[in-house]
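For clarity, chains are labelled A, B, C and D in written order, and residue numbers in each chain start from 1.
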Amino acid sequence: MMNIMQHFPIIAVMSLFLGAFLVEIFGRKNKIVRNMITMVFVAISFLCIIALIKPVFLDGEVISYWLGNWEPVNGYAIGIGYEVDALSLFFAILVVLTFTLSTIYSFRYMERDDHLGHYYTLFLMLSGGVLGLVLTGDIFNMYVMVEIMTFAAVALTAFRNYKKGALESAFKYLVIGSVGSGFTLTGICLVYMQCHTLNMAQLSSILANHLTPTTILALALIFIGFGVKSFMVPFHTPAADAYATAPSSISMVFSGMVNKAGVYGMIRLMFVVFMMMDKTTMQILLTAFGTITMFVGVTMALAQHDFKRLLAFHSISQIGYVLAACGLGTALGVSGGLFHAMNHTLFKGLLFLCAGAVYYATGTTNLDKLGGLSKRMPKTAVCFLIGAFSISGLPPFNGFASKWMIYQAAWGKGIETNNFFYVFVTIVAVVVSVMTLASFIKVTQAVFFGQPSEKCVNAKEVPLSMRIPMWIMSVLCILAGIFYNFVNANLLTPATNAVFNASNYIDRMMGAGYAEAAGVTAATVEPAKLSYWDPILWLILFVIILAAVCIVILTGKRTRGEVLVNKTEAVDGKYATFFGGEKSEHSHVSGSDLFWGFKKNWGGYFKFMQGMHSGDVNDYSLYTVIASAVIIIVIFIFIH
Amino acid sequence: MTVFIQILLILFHVLVFPGFLFVFVCGLLLAGIDRKILARMQKRVGPPLLQPFYDFFKLMGKETIIPDAANKAVYRIAPIAGLASLVVTMNFIPVFSFSAMSFSADIIVIIYLLTIPAVALIVGGSASGSPFAGVGISREMVTMISYELPLILILLAVAKKAGGAELCFSLSGIVEWQQSTYLGIAHWSLIPAALAMLLVIPAEVGTQPFDTAEAETEICEGPLIEYSGAPLGVFKLNTAIKMFIMTSLFTCLFLGGIDTGIVALNALILFAIDAGLTILCMTFIHAVTARLKIEHLFKFYWTIVSALALISLILVWIGL
Amino acid sequence: MFKKLIAASTAKSPWIYHINTGSCNGCDIELVAVLTPRYDAERFGFKLAGTPRHADIVVVSGPITSQSKARLLRTLEQVPKPFCVVSLGSCPRSGNVFKGSYSVEGPLEKYVHVDVSVAGCTPKPEAVIEGLYTAAQILKEKRKAMAGKKEVAES
Amino acid sequence: MKFPFAKEAVKNLFSKPSTENFPKVDVPAKKGYRGRLSYDPDKCTNCGLCVRVCSPSAITVETTVSEDGDTEYITRSFDMTSCTFCQTCEDFCDTGAIHLTEDYHMAVTDPKELIITGTKTRRKVYDYPEKGEDCVYCTLCMKVCPNEAITVDRANKEWEIDTDKCVQCGICVSKCPKKCLTM
């Protein structure tokens, strides 16, 4: 039974690439054939990954598979190895879930566009690239998958090339992405030159105990490479444009998978391969970048006028949460970060799908032109509210559970190391969470409530096949929030163990006993002690009171009575909005004129931010280079 | 058998003692005291103490007009959701060592539970579809941002003082710590935090100088403009209950040491202290100052009050 | 019991909403003077409300000028039942010295049934309190009538 | 940041509120307060001056004659809801029939209570002023008549009186320079 399971990872990845190849050939003209091919191959890879859950998570095994059956020869890995442990599978599930739902969504969402043959090819290439990156055990194979992912993503960003700014954002993504890949490749070459192997398991055993200047430089370069891929602050600018101009089903995949791939690469290499995260410098470096990303992301989001650009900046800020949490280096921190990555995939995917639905129904995502959609699109409004409440961390939803774990981890780290920096991180995390709530209140008021604008008068509800993925995502958001103890026990603890316990990873791959020989001790990690917030109890109380109060208030409320005012001529009636007696004409408080008090006080900061985000590629590459230089210098000074 | 008793106990806790009835009566009484003392400070007789009860039941009798531009479902559910979460929050706050369900939540959870009523007001106002409400919710949100920073600083300071070395976020833990040593406020390093908390309470509840969100004169009651009848009554009740909850949170954090054994007496003492606190921090400031512009309110909270809270956090962090 | 409680408290907490249809502001400052420490209408639960949606007693002052007629009617439409209309001073009742002018659209009675009218060209604050107090009692009757009618509708 | 009323607020808290206990304790209006109007029909000479000087024209008069024609009932009604309480009618009434009392309780549910009426019964005297011969048509009587009952045309020397408007106040007789009018 075990050997069949071994083949599933490679089947999953290859089926996607095969699907891409076939869609390009057969799917060019005929719609049904195209959809069928895509659906079949997506289903294959989905089932393969889901089948792996039982062995990896419940039984705690690690699946290793050598391509072409090239077993390691007397201790040296030659072939490319696929290794799926709890951490890889955790991210694989997110990736698989995202692109399956996006496929279902894009069947109807993209029907108005042309060249759909190319769309599905690129989509399957992108999904295959990310899935390959997450499952591979070989560092160079990971680089190849990163390249496939980046180029597919660049092409998909410019898919609607008639849209203003699509080509420009694709070009920016290409430039910054290649700079990042360049750094990763140089890092990998340095590591390969130093350790003569590309297999991650063997690498971590070699690197565990001897650090040479070249490996330190490789560490810095790979840190920058995957920082660019996960859109940390200095490298976040292409993400904002790419998510905004790509079609919504693609931006959902971007924010659900692509930046998660960057985070996975960072965790895998920093924690497992280089095993550097126990050093305080690396911890402070990653947490500092995470905190800045958090803060810049959300403050920029508050100033946006476009729905999807606002969501893009929120993706950047939530990734800042994940990086800051993982940067803490403690078991609670890493499991909080992983949990937040999972939640982020769920609620951000949901929000992008809602943005797509709004675009499908009204044709625009400009916050100033939308308004009062909740009466015409009630189901989308409900889904959006669930997504908005989860991202801003209101208790019953999943955003709260993960953010709360992150606050506890940061505060615990602060007390443990008596270092005020972590207290500052906790404070910034809480304030950023409130600002996230602020920007989503802004979107709720601008798009869904308030007075209907002329663009939204004839908006209709989106077709059912677009609503199914939204409902799945909303249900998952609520379930993850309520049964977070279950999620913590079954999903997060194995993944955190995989992060901290490199020796099991090495033995499984290279044969038993290999790790001790290389001096890697098996660090077992007890599950994160969560203090006792029990959402189910809270939910029961909430429902009891909700029912009690409803009975009291809503019994028998319809009271008629004769009209006291004998109207002489037609005066618009009692249910019109109160305008101080004036005739109620259309006046909608849209997104851009909210939070005046806050923006006025932070005028200087916003002017500076506007200056920094100039939209010019040279500036962005300048920021990338400066940030890389800073990281390299910091790492070289403090780690020796 | 015990499961049945436990369900009954939970129902009792939720609906009667620290739950709906207790909070309903104490909240509205506190609002009554607030209005009466305010009147007396202005040398006028002022309404009877039970005036908020009359207001509430009158609003129950009024007809509810739901405007066309409003989203009917959200319009009705918002106030009730706010009330439900407020009553549940009260269960998590210990009444001097008697904690109905205080084992199940800590400070950060309570802070986030307190954002639900504010969000309920905001979403309710936004759902009512009036431009006045739009301006109102924007101000309400900025008020929330402004008092969240000092609030988290205060809580971290108290948690660090109470916890010492290990992570202590639970409120009952803090109350026990105060019972073991002397009152929270007696530790001089916590006094700036207590002062900051006294300034945060009016903003969270939304009384006069900080009620820019519901300014009757400028934007006709802000988010509540389109509300009438029962939903409006519930929103007014929410404000009163929030007044009670915030003051009892202050009592737990800083005056938690008192314990007389009998739960009923504890509840009475809690109410008395809350009444004193309300008069001190809400009514007096209401009688003496005028409403702030939203921009000044934000600047006030993020400079003066946060500085106070930061001082005590640093003092506690150094170990004093 | 609940219905009696509601009816009783309807009289005890009447909220006032003031509409100025072209008045010379004499009555307006008298109305606000009623809330000052000297006369203190808050003893009886009176409170100025910001919007017609929160109103129980609508106080109208000033002769109904043509500009303000449509706005008056629209605002009165938007007040939830039960509510009373109180006319302050002589203008709403008869147009006082402005009677017969081209822009005065006649007494308030033409548009809505006025429950209580407080005469006096600026009535004394005590008279205003008396008027509002009577209006509050009428409000109680109206609430009882409404409750009664609801029973009829329901049964 | 100054708090001007901080001390007063605390001081007020412990001092007696300055609210007058209105409904229980009746508060008299200041002396000379122009409140509800009182009308004494006997003193009234039905000269009609008050009707002329009342700016909101709140005073209306109607005279009815009994069937047998010899007594007339002049009812004068003062509509307080239209009155502006300026006391001009009291000043002009030289017989003191109108007096604005200090009663300010004028909050009523039905406005009828605010209409103060008084009926003056008088023997209907049909002696209207007649013109003598030596009238020079100087139109003085026309100008002085409060109810414009007399119309005089100097050009073609006509003088004519309208009996229902005339209230026999006698002002024209006293003012005629030639003393040719008699009642």
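Following the convention adopted for this analysis, a residue touches a chain if its C-beta (ideal position, glycine included) is under 8 Å from a C-beta of that chain, and two chains touch if they have at least 3 such contacts.
In this text, all values refer to a predicted model and were calculated from it rather than measured experimentally.
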item	value
Central chain of the complex, centres being mean CA coordinates	B
Winner on C-beta contact pairs when C-D is weighed against B-D	C-D
Centroid comparison with chain B (C-alpha atoms), farthest chain	D
Centre distance in Å when chain C and chain D are each reduced to the mean of their C-alpha atoms	31
Separation of chain B from chain D, taking each centre as the mean of its C-alpha atoms, in whole Å	63
Gap in Å, rounded to a whole number, between the CA centres of chain C and chain A	58
Averaged-CA centre spacing for the pair chain C and chain B, given as whole angstrom	34
Chain C residues counted as touching two or more neighbouring chains	37-38, 40, 43, 51, 53, 78, 81-82, 147
Shared-contact residues (touching 2 or more other chains) in chain A	559, 561, 574, 576, 578, 580
Touching two or more other chains - residue numbers and ranges from chain D	17-19
All pairs of touching chains, each written as two labels joined by a dash	A-B, A-C, B-C, B-D, C-D
Touching residues on chain D, where the partner in the complex is chain B	3, 5-6, 9-10, 12-13, 15, 17-19
Contacting residues of chain B [partner chain C, same complex]	35, 39, 42-48, 51, 53-58, 60-65, 132, 216-217, 220-221, 224-229, 232
Complex contacts: residues of chain D adjacent to chain C	17-20, 22-23, 27, 29, 33, 35, 55-58, 79-86, 104-109, 111, 114
Chain D-touching residues of chain B, taken from the complex the two chains share	37, 39-46, 284, 287-289
List of chain B residues in touch with chain A within their complex	10-11, 14-15, 19-20, 60, 63-69, 71, 73-74, 76, 80-81, 83-85, 87-88, 91, 101, 103-106, 108-109, 111-113, 115-116, 119, 122-123, 126-132, 134-135, 137-139, 141-142, 144-145, 148-149, 152-153, 156, 159-160, 163, 165-167, 169-170, 220, 225-226, 229-231, 234, 293-295, 297-299, 302, 313-314, 317
